[in-house]
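There are structures below to look over.
Each of the next two complexes has chain A plus one more chain, namely chain B in the first and chain C in the second.
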Partner chain A sequence: MRHRFDVRIGPVGFRVGSDWRGPVAQLETLYRDYPRPEDGIPDFTVRLFAARPWRRVVRPSVMISGDYTIPDAAPLPLRLGLLAAEMGMNLQMALAQRRYLLLHASAAERDGRAVLMTGVSGAGKSTLAALLMARGWRLMGDEFALIDPETGLVHAFPRLISLKNQAVAVMEHALPDGRFGPPMPDTPKGDIRHLVPDARAVETMDRPASPALILFPTFGHEAAERPVLPSESFVRLTQASTNYLALAERGYDALTRLVTTVPARAIDYPDAQTAVAQVETLWEQTA
Partner chain B sequence: MTGEATRYRAAAPDSLRAVTLDAMVALYHRASGQTHVVASPVPEILEALHPDPLTLDALLAQLSGRFDIGDADVRALEARVEELVAAGLVEAL
Partner chain C sequence: MSGTLLARIMRDPSQVEALDADGWTGLIAAARAEQMVGTLGHRLDGLPMPGAVSRILADARASAAQGRTAALWEAEMARRALAKIGAPVVLLKGTAYVAAGLEAGRGRSIGDLDILVPRDAIDGVEAALLSAGWEWVKPDPYDDAYYRRWMHELPPLIHRERDRMIDVHHTVLPLTAPITPDAAALVGDSEALPNGLRILAPMDMICHAAAHLIADGDLAGGMRNLWDIHCLIGEFGTDGLEARAAHHGLRAAVLRAARLAVDVYGTEIPDAWHRRNVADTLFKRRLLARDGWGRKTRKLTEQGFYVRSHLLRMPPKMLARHLWTKWRKGYRPVG
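Moving on to the complex of A and B:
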């Protein structure tokens, strides 16, 4: 490929190849403080390429592929090349990660112990993790939490924080000195802007944490909370894992251990600030 | 073959893993790679149906002897056992 970018995020090395300079230049800027893959060998490769040779220049449109590909994925316009790269990296993780049990969850750490926050898209995982980071927690990731089946520890995957719609303004207000990516209005997922994890999140990304609290947040209701039984937590987390089945018995061991040793709560919240207060109160009570 | 004559045998214990979560048990079936979250009396049924297969009546008698089954109903038990057959955890002989 004409342009290439290598980065390591937590334990995972990526190589992004691109027909265009633009997305690679943005990745270089936003991931400038991240290390390169161990021994220079990436775990996963993402390719951003033109659907037809002339589409590199005429109405340029980005196709995403890699070691694993979704055949019918629609191309994105070149102005969303950064989003295409991030989607491609997520896709490789979701489909190909075998070393860790992958939970679709954000994670933040305090005193060596981590809160995991999972939920459907729009539940506020990324916003909550970013707000906790702004309040001095260590951000471990806004999208995937990696559970090591051998140790039960959570490993960080602090990729760029993907903020959507109202969350963009919330975080621009909460972190006026934060490093943000270019605004990307009108993407297939709404308005998106990336936030670079703070220096601490990047410097300490190789340090795992002990899971201490599992939260299932739901946005749009009056503030409320309820305990979640291990069996419900187990079923919801199998649904929130992209590789539970692929990991077979290792996944079963990791997940049964997680839900039987870590308390879980469901929280409803009307706005992000309320949610952060709920999380910190629950943390004091349970973790 | 009539329903009464059908005998059922559960998967061997070493092909199943079980972790008690709360009132529910997470079963992992090594042969299929599938996880099943089940409630009582499923673990007890699986235990009773191995190593020797049983008919439904014999299974009901054994479960009733060991546990306090209030409304011992062979039709309800049959439904549970057929679910386990569909899940591959029990074999109908």
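Moving on to the complex of A and C:
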């Protein structure tokens, strides 16, 4: 393809090919401090391409594909090319990651131990992880937590933090010196702006951590918390995993081990600052 | 061209020594696009390779092993659903290869469950599957009527809990195709596995693989189907193959598939079969049309084979009517 960008995020190498320079230039800027894939050989290929040759130029529209693809992925306008690249990388992980149990969760680490936060889209996974990073936690990832079935450890996947809607302003305020991507209004998922994980998150991304606390946050209610039994945690995490079924017995063993050894809590929160205080209090109590 | 590279490495794995990082990257992309990465993983197992590749291929082997378990389980589910009917149930393609422990099944990706049953048992099979949790995928009445009237299989069914498809065949080529294999002989000469499910007799297995590759479809995924044929010939030889193929009307298809297997994977076949045919070049070009990004290349050849696949399936007038109906319903062939 005309333009190419290679990057390693945690243990996973990617190659992004693009018909346009724009998305690749943005990736180069935002991922400038990240390493290249190990041995120069990426785990996954992502392709951003024009559906027809002239659509490279006329009303340019970005189709997303790669090693693994879904048949009816909707194209994005070229101004959202960066988002398309991120979606393409997530798609490879969701469809084909087999080395780790993939949990749709954000993760942050302190003292070698990690809190995992999972929930439906809009629950505040990314925002909470970014705020914890702003308060000195090590960000391990805002989208996927990778559980190694052999060791039970969580591996970092610190891709660009995807902030949506009100979270953009919250983080611009919390991290005035943070490095942000271009504002992308009116995407299919609302207004999006990426935040680059801090230097520490990138430098230490090869260091796994022991999971120590599982949280199921829900935004929009008075502050509250309740313990979550391993059985409920198990069911909710099977739903939050894209490859639980594909990993079969390894997935079952890894998840069983996780939910039976790590305490879990559901928390309701009215605003992000309250949530961070709740997380840190729970961390002191349980982890 | 990474399709060519994939063929070369499958044929002679020692050639990986010469690969650089981009060579490996292209090889893996092409193997994934051709659904052969698990097979490649087994083919290269134990050879020296970069750590990154070794992990990717270990994942691919594990994935294929899980796919094998799931495929065999799906076959077992069908066996239980159909046990009371008493009709022979013959496994086809990938599931048959892994159920029989054949070389072609090693690392192979397996999608749907394909079975062959006698035509007069098809109503009972359909009813039994529907009552055991399978449902129609295509609720469109035209599609349904099309399958039932013209095709060699029932409209695809999907299991509502396991989300797995089953294709129930009563023969191996569409009823409208000019070639009519002897479906009764395929079932009649099939061989029983210990669990009561059946597989085609060895020469019929090769005939079916060749029919599937050459006389049906547009050669999409052809590298893997050709690898099946390469492995089947390697395991079973070719004694009696030509006569059996002729019996099914598949002599030309089998000979072409064999020639292509020689050309692409270095299969050993009888000398007399080596006669070259000018169209072989086109088939080979279509088979290997894959670049280092895993993209299909040679769009024109692909379009040609797309049209050919339809002409093989039905006479031109009928094809025109079919395409017109599909067009009105908004179906467009996409690249």
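For the reader, a short list of remarks on this structure follows.
Operating definition for what follows: the second predicted complex is superposed on the first by the 287 of 287 C-alpha atoms of A that agree within 3 Å, B and C clash if a C-alpha of one lies under 4 Å from a C-alpha of the other, contacts with A are read in each partner's own complex, and residues count from 1 in each chain.
Following the convention adopted for this analysis, a contact is a pair of C-beta atoms (placed from the backbone, for glycine too) under 8 Å apart; a residue touches a chain by one contact, two chains touch by 3 or more.
Here the structure is a predicted model, which is why all the values come from computation and not from measurement.
Shared-chain residue A:T260: touches chain B; no touch with chain C. In the superposition on chain A, A:E284 makes contact with neither chain B nor chain C.
In the superposed pair of complexes, A:G13 makes contact with chain C only, with no contact to chain B.
When the shared chain is aligned, chain B comes close enough to touch A:T238, but chain C does not. In the superposition on chain A, A:D177 contacts neither chain B nor chain C. Look at A:A248: by the touch rule set out above, it reaches both chain B and chain C.
Chain A is touched at more residues by one of its partners, and among chain B and chain C that partner is C. After overlaying the two complexes on the shared chain, residue contacts for A:T45 are found with chain C alone; chain B is out of touch.
248 are the residues of chain A that lie in the contact sets of both chain B and chain C, per the superposition on chain A. Against chain A, in their complex, chain B makes its touches with residues 17, 19, 21-24, 26, 28, 30, 33, 35, 37. Note for the complex: chain A touches chain B at residues 229-231, 234-235, 238, 244-245, 248-249, 252, 256, 259-260. The part of chain C that touches chain A in the complex is made up of residues 21-22, 24-25, 28-29, 32-33, 50-53, 55-56, 59-60, 62-63, 66, 69, 293-295.
Across the complex, chain C is touched by residues 1, 13, 15, 17, 37-43, 45, 47, 66-68, 98-99, 246-248 of chain A.
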